[in-house]
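What follows is a pair of complexes built around chain A, which joins chain B in one and chain C in the other.
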Partner chain A sequence: MQRYILKRFLLMIPTLFGVAVLVFLLLRVAPGDVVELKYAGVGAFVSKEAMDQERAQLGLDKPLWRQFMDWMWGIARFDFGTSMWTGRPITYEIAIRLQLSLQLAIMATVVAVLLSIPLGTIAALRQDTWVDYVVRVFSIAGLAMPSFWLGILMILGMLIFFRWLPPMFFTPFWIDPWANLSQLIWPALAVGYRYSAVATRMTRSAVLEVLREDYIRTARAKGLWEKLILTRHALKNAMLPVVTVIGLEFAFLIGGLVVTEQVFNLNGIGMLFVEAITRRDYTMTQALVLLVSFSFIVVNFVMDIVYAWLDPRIRYQ
Partner chain B sequence: MKLRRVSVCMIALASIVITVAMAAEQPKAGGTLIFAVGETPPSFDGHRETTFAMLHPLAPHYSTLLRFDADKYPKIEGDVAESWTVSRDGLTYTFKIRKGVKFHDGSLLTARDVKATYDKIIFPPEGVASARKAYFAMVEKMEAPDESTVVFRLKWPSASFIRQVASPWNFIYKADILAKDPRWYEKNVMGTGPFTFVEYVPGSHWVGKKNPDYFVKGRPYLDGYRAIFIRDTAPRVAAVRAGQALIEFRGFNPAVRDDLVRALGDKIRVQESPWICNMTVAINNEKKPFDDVRVRKALTLAIDRWEGSKALSQISIMKPVGGLMRPGSEFATPEAELTKLAGFGKDPEAARKEARRLLKEAGVPEGFAFTLKNRNVKEPYEAVGVYVIDQWRKVGLNVTHLPQEGGPYFADLRAGNYETSIDFNCDFMDEPDYQLIKFISSDKSPINYARYKDAVLDELYEKQSRATDPKERLKHIRQTEKRVLDEQAYTFHVLWWYRIIPHWARVKGWPITPSHYLNQDLRDVWLAAE
Partner chain C sequence: MAEAVGTAADVKGAKGSLPGWLEISLRFAQQRPLGAAGAVIVLGMALAALLADIIAPGDPQVSNYALMLRPPSAEHWLGTDSFGRDILSRIIYGSRTALLIGFTSAFFGATLGAVIGVASAYFGGRVDLMVQRFMDILLSFPLIILALAVVAILGTGTMNVILAITIPMIPRCALVTRASALAIRETPYVTAARAMGFSHTRIIFRHMLPNVMAPYLILVTAFLGQAILLEASLSFLGLGVAEPTAAWGLMLRGAAVEFAERAPWMAIFPGVAISAAVFGFNLFGDSLRDALDPKLRMG
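Let's turn to the complex of A and B:
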C-alpha cells in the first residue's frame, strides 16, 4: 500500500507538468494580453511607450521559453510569482479566496450528504412507493435547476419578502460566525441541493443493487436485524459509487462555482479564475489551473484510499 | 389687530419651518458610507492605473495639487495648492502649497513632495510605468525653490496644462518614500487625503477611516467608508436596493433606476448627467471599400442619431447626440451647427437617400456584406451595435454583428483585424487634448483604431493644444470636427453616454459630475439620519 501511495504521489509530478505546459501555451495562443486589457479596456489614451514599459515590467517582453523557464523555476521553489493584474503574490491572492471556497465546498458537501444518503436509502428501501416518488421528484428537480438560478430565486425572495440580503462581503468564521454563516448558508443550500440530487440518485440505485446481492439475502436468512443488515452490509458497500460522486463534486466546487459566486457576490476561487482569464493574467490563471488540477488529483487519490477502507477486497499493488 | 397677530404667527411658523428645513440639510458628522464598486483595483498607484476601480476606493486617501469643484464643474480650485499664477508668456506656472498639510504618518507635505510626485508622473525612472506621461509632453522641468513653492516650466504654452494638474489620478505622494522605492505606492497607501487607510481584502472590500488631521477644517464629515467590490450588475443593484450599499458611483441604466425608485420611493434620490464617454464606430480605413470616403460618409449618413437617442436612452446609458466634444461642455458644437455635419442632420430620409447615392457612386452593390465587431458587453456596446446595424440595413447594407470577448476584441482593434467595429472613449474631463487625440494620425495615437494618417488633423491638434486664446482654440476644434466627422468621415461617434446615479437619499454632499473619475475623495459627503 505504501509503495502504491508513493507511486501515485510521484505520478502527480508528470501530470501537473503536462497541465502546466498545456495551460502556458494555450494562454499565449489566446489573443490580447493583460496590458492591452488594462489600458485599452478603459477607453483612455495611453502611449505605446507606457504600455511597452508595463510589458517589460511584467516580463512579457521576454521570449516564451524564458518566461516558461522562469515560471518552472519559481514553482520548483514553491514560488508562484505575482499576479500580473495586481502585482501581489499569487499565494496571498489565492489564500484569501481559498478559505471561502473551501468552507463553501465543505458546507455544500455536508448539505448534500445529509440530504442524499438518507433520502437515497429511504427511496431504495421504499422502492415504487409514494416515498420513492417524492424523493425522485425532489432529486430530479435538483438536477434540473442550476444552482445559480436557485440562488437568484433565493436572493429575490429575501429581497422582496424580507427586504434583506445576505452580507455582500466575506467575514471569516472565527471572526464573526453569525456574519459568516448568514452569508454562506444560502449558496451552500443552493449548491448543496443540486449536488445532493446527483448523490441521492446514485445512493438509491447503489442501495437497490446491493440489496439484491446474495450476501444480503444470506444475512436476512440468518435472521439478522434489518437495520444491522442495512448499516453494516448494504450501505457500506453501496457507498463506493456515492463516494466517487461526492469526491469529484467536491473537487469541482473548489473552482467551479463561477456563476453562483457571481450571484451571491462571493469572493471565491471561481470568480478569481474568471477574472484572471478575462484579464489575461497569465501567472494567476496558470497557478489556478495547477491548483484545480492538484485538487482533482488529490481527491482521486483520497478516494482510492477510501475505496480500500470501504471494500476490503480492494488491494492496491 | 387680529390680522396682525395671525401674520406674526404665520411668519413665526414659516421661520420655524425654514429653520427646521435648514437644520435638516445642515451637514452632519459621523457615519460610515458604504458604496459598491463594480471592479477590483489592480495596483494602488494612481499614476500607473486608469480604472475607476482603483480611483473609487483610493481617492479618499489622497490629495491632488488642484481639483475640480464638483458643485461648479469645470471650475478648478486648489487642493494642496493654495494659489497659483501663470507667467505672461504662459510658460511658467507657480503653485503656492498650503502650510500644515500632513501625510497620514504625521509628516508635513512640502513642495518637495509635489515635485517628486510630478517627477514620477512626467519623468518616471526606469522600470516605473506612468499612464499619463504623454499628456505632460509640454513640461520641460519642475523646480521647488522653497518649501511652499513649486514651479512648472513649459516648453510651449498649453491650453490644457492647468486642467491636467487637477487630474484626479495625480495623487500627491511622499518624496522620501519615492526616493527609496518609486514603486512603493503600487502596494501601499500614504497620502494627505481626508481618510486614512484601514484595510483591503483583495476582491472583497476596502476600508478607510476619517483623517483627524485633514487640512480642510471640519472635513471630512464621515467617520469612515467601506467600498464593497461587487462585479456583477444584478447583485450590485440588489445591494443598493437592500441598503447594503448606499451608492454606486459609476451608474446604472434607466431600467435599474426605475426599479429602485419603484421599490424604495423617496428613500432614493436620482442624479443624472451627460457623461464624458462615447460610443464610436471605428472604420478600418485601410480596408476596401472603407478606404473610399464616399463609403465612410454613407455609413455615418445612414445613422439617425436623434431617433437612436430616443430609443437607446430607454434601455441603455446612451443618450446625448454630440460631435467630438461632449454635448453641454464649453467646447461642444451648438446643435444648429452640429446638424450640418454628415449623419447629424434631422432629416433621416434625406440622409439615407444621400447615403445610397454615395454607395452606388462608390460601386458598393446593394446588400454588400461586412462585419461589425463589438465587445461582448451587453450594455451599452451590444445595444449600440444592434442599432447601428439596423440603420445600415436601411441603406441596403448587410452587416453581421460579431461580439467578442475583451482579449480578442482589443487585439483585433489594435491590429486592424476588422472592417468596422464599435469603439469607445472615456475621460475624466472635457478637454480637447484628451478627446481629440484619438483622431490624430495612427502613428501618433495608439487609440486611433481607424488607421488613417492625416497631417492636417495632426497640425490642427497641435494648434488647438497650444492656443492661448479660447476663441482660436474653439475654431481649431470645429475644423477638426468637420474634417473627422464630415469631410473625411474617418470614424464617427454614435451617441454619448448618460450617467444615472440612483442613490439612497441619506447620502448628501455628493453632486454628480460628467465623469465617474471626479469628486471621489468623499470629503464633503455626509449621511443624513435614517
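Let's turn to the complex of A and C:
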C-alpha cells in the first residue's frame, strides 16, 4: 500500500511540471501582452520606451528560459510572484478569493451528494417505473442545462416573485452565517444540480448491479430485514463507483464555478481566472492554471487511494 | 445522424423488405423511444440551421432601436432584445453556430484522438509511454480551463472557438480508443497484416481504426452535447463567438441579466434552446451507446 501511494505520488510531479511548461509556453505564443493591454485602456499616446521600461520592470524582456527558471525558482520557495496587472502578490490575490470559491465548491459537492445518492438509489429500487423515469429525465436535464442559465433563471425567479436579490457582497460564514448562506446557496444549487447528474446515473446503475449479486439473494433468503439489506449490503458496495465519479467530475465543479461566479457576480477564483486570461496577466494565469491542475491531480490521487483502501483487490495487486 | 446508425449496423438490416437504414431507424425508434425523441430534437435543430434563411422571420443581425425590448407578440414571437433584434430569428440562426461548432469540434476532436490513441497502442513501448504522458498532462486541465487558455492565445471568433473545443476533446478520445486498440493489436488479423508486410499507416488506418468505430461513434455523440455546452459557456463569458453573430451563449450575456426583470424573455428562450439541443444530443447518444455496445445491453 505504501509503495502504491508513493508511486502514484511521484507520478504527479512530472505531470505538474508538464502543465507548467505547457501553460508557460502557450501564454507567450499569443500575440500582445499585458503592457499593451494596460495602455490600450489609457487612450493617450504612450512611447515605445515607456512600454519597454514597463516590460523590463515585469521581467518580460528577459529570454524565455530565464523567465521560466525565475518562475520555477520562485515556486520552489513558495513565492508565486506578483500579478502583472495589479502588482499585488499573487498569493494575496488568490487568498482573498479562495475562501469564497472553496466554500462554494464544498456546498455544491454537498448538494450533489444529497441529490444523487437518494435519487439514484430510489430509481434503482423502482427500476422501470415512473419514479425511475422521472429521476432519469431529471438527471439528463441536469447535464443539458448550463449552470449559468440555471443561475440566471434563479435570479430572474427571485426578482419577479420575491422582489429580492441575494446580497452582493461576500460575508464570511463566521461573521454572519445567514447573509453568507443566503448569498452562496443559489450558485451552490446551480452548480450542484449539474454536478449531481452524472453521480445520480452512476448510483442508479451501481445499485442495480449490486442488487443482482448473490450475496443480496443470500441476505434475502436468510430473511434479513429489507432495509438492512439495502443499507448494509447493497449501498455499501454500490458506493465505490459513486465516490469515484464524484471525484472525477470535480472538473465539472471547476467549470461550473468559472461561469456561475460570473452570473452571481461573485469575486472568486473563477472570476479571477477569466480576468487574468483576458488581461494576459501571465503570472496570474500561470499560477491559477497550476493551482487548478494541482487540485485536480490531487483529487484524482486521493480518489485512487480511497479506491484502493475501499477495495482490497486493488490494494494487493 | 440517422445514416450513421444505418451504416454501423447495416448487416442486421439486410434481411428486411424496407431499405436497410429505414428499418434500422424504425426499430431504433421502437426499442428506444427516448433516443428517438432525442433524434427528433437533433433533426429539428439541423433543419432549423439549414433552412434558417427561409424560416427565420427577420434578420438576426439588424438592430432596430425603435423595437427595443419588446415582449413576445404576433410579429416577434419570442420578443426582441436590447438592440431591437428579433429573438426567434437569432435563436434559429444560433442553431447554425451551435451545430457548426459542435459538429466540427466533436468530429475533429474524436477523429484526431482516435488516430492518436490507436497509433499509440499499435506502436506501444516508448512511443506509447510518451504519448500517454502528454495526454495525461492535457487531461489534468479541466475541460473549460484548457478551452479558455486556447481562446486566450488565439483570440475569439468562430474558428478559434472550434480549435479551443477540439483540443481538450483529443486526449479524452485517445484514452478510450487506445484501450480498445490494445486488444485489437493482439488479434490474428493484425498479426497477419504485419506478416504480409503492410505499412504501419495501412495497418493503423485500414485494419485497426475501423474496429474502434463503436467507441468512436459513442464518443462523437457524447462530445457533441459537451461541445455545444462549452461553446455556449465560452460565448457567455465573452471569450467565444463575437457579436453580432447569433449564438445562444452570447444572447445570455450582459443585457439578458441586466434587463432580466424588464425583459425576461431575453434570458429564458436562448437557454431553452441550449438545453433542448444538449438534451437531444445526450438522449440520442445514450441510446446509441446502448445499441452499439453489447456489453452494456441489458437482456
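Side notes on the structure shown:
Assume the second predicted complex is superposed on the first by the 303 of 317 C-alpha atoms of A that agree within 3 Å, B and C clash if a C-alpha of one lies under 4 Å from a C-alpha of the other, contacts with A are read in each partner's own complex, and residues count from 1 in each chain.
We adopt the following convention: contacts are C-beta pairs under 8 Å (C-beta built on N, C-alpha and C of every residue); 3 or more make two chains touch, one makes a residue touch a chain.
Keep in mind it's a predicted model, so treat the numbers as computed, not measured.
Residue contacts after overlaying the shared chain place A:155 against chain B and chain C alike. In the superposition on chain A, A:289 makes contact with chain C only, not with chain B.
In the superposition on chain A, contact is made by A:278 with both chain B and chain C. Touch criterion met: A:39 reaches chain B, while chain C stays clear of it. Once the two complexes are laid over each other on the shared chain, residue contacts for A:141 go to chain C alone; chain B is not touched. By the touch criterion defined above, A:184 reaches neither chain B nor chain C. In the superposed model, A:262 lies in contact with both chain B and chain C. Of the two partner chains placed by superposition, only chain B is touched by A:164; chain C is not.
Within the superposed three-chain model, A:211 lies out of touch with both chain B and chain C [touch as defined at top]. On chain A, the surface touched by chain B in one complex and the surface touched by chain C in the other have residues 30, 152, 155, 159, 262-263, 278, 280 in common. The part of chain A that touches chain B in the complex is made up of residues 30-33, 36-51, 53-54, 56-57, 85-88, 92-93, 96-97, 152, 155, 159, 163-165, 167-170, 262-265, 267, 271-272, 275, 278, 280. If you check the complex, the residues on chain A that touch chain C are 14-16, 18-19, 22-23, 26-27, 29-30, 140-141, 143-146, 148-149, 152-153, 155-156, 159-160, 250-251, 254-255, 258-259, 262-263, 273-274, 277-278, 280, 285, 289, 292-293, 296-297. Per the touch definition, chain B reaches chain A in the complex via residues 36, 40-43, 48-52, 124, 127-131, 133-135, 186-187, 201-205, 228-232, 234-235, 238-239, 241-242, 244-245, 277, 405-414, 424-427, 434, 437-438, 445-447. The touching residues of chain C, counted against chain A in their complex, run 133-134, 136-137, 140-145, 148-154, 225, 229, 232-233, 236-239, 249, 252, 256-257, 260-261, 264, 267-268, 271, 274-276, 278-279, 282-283, 286.
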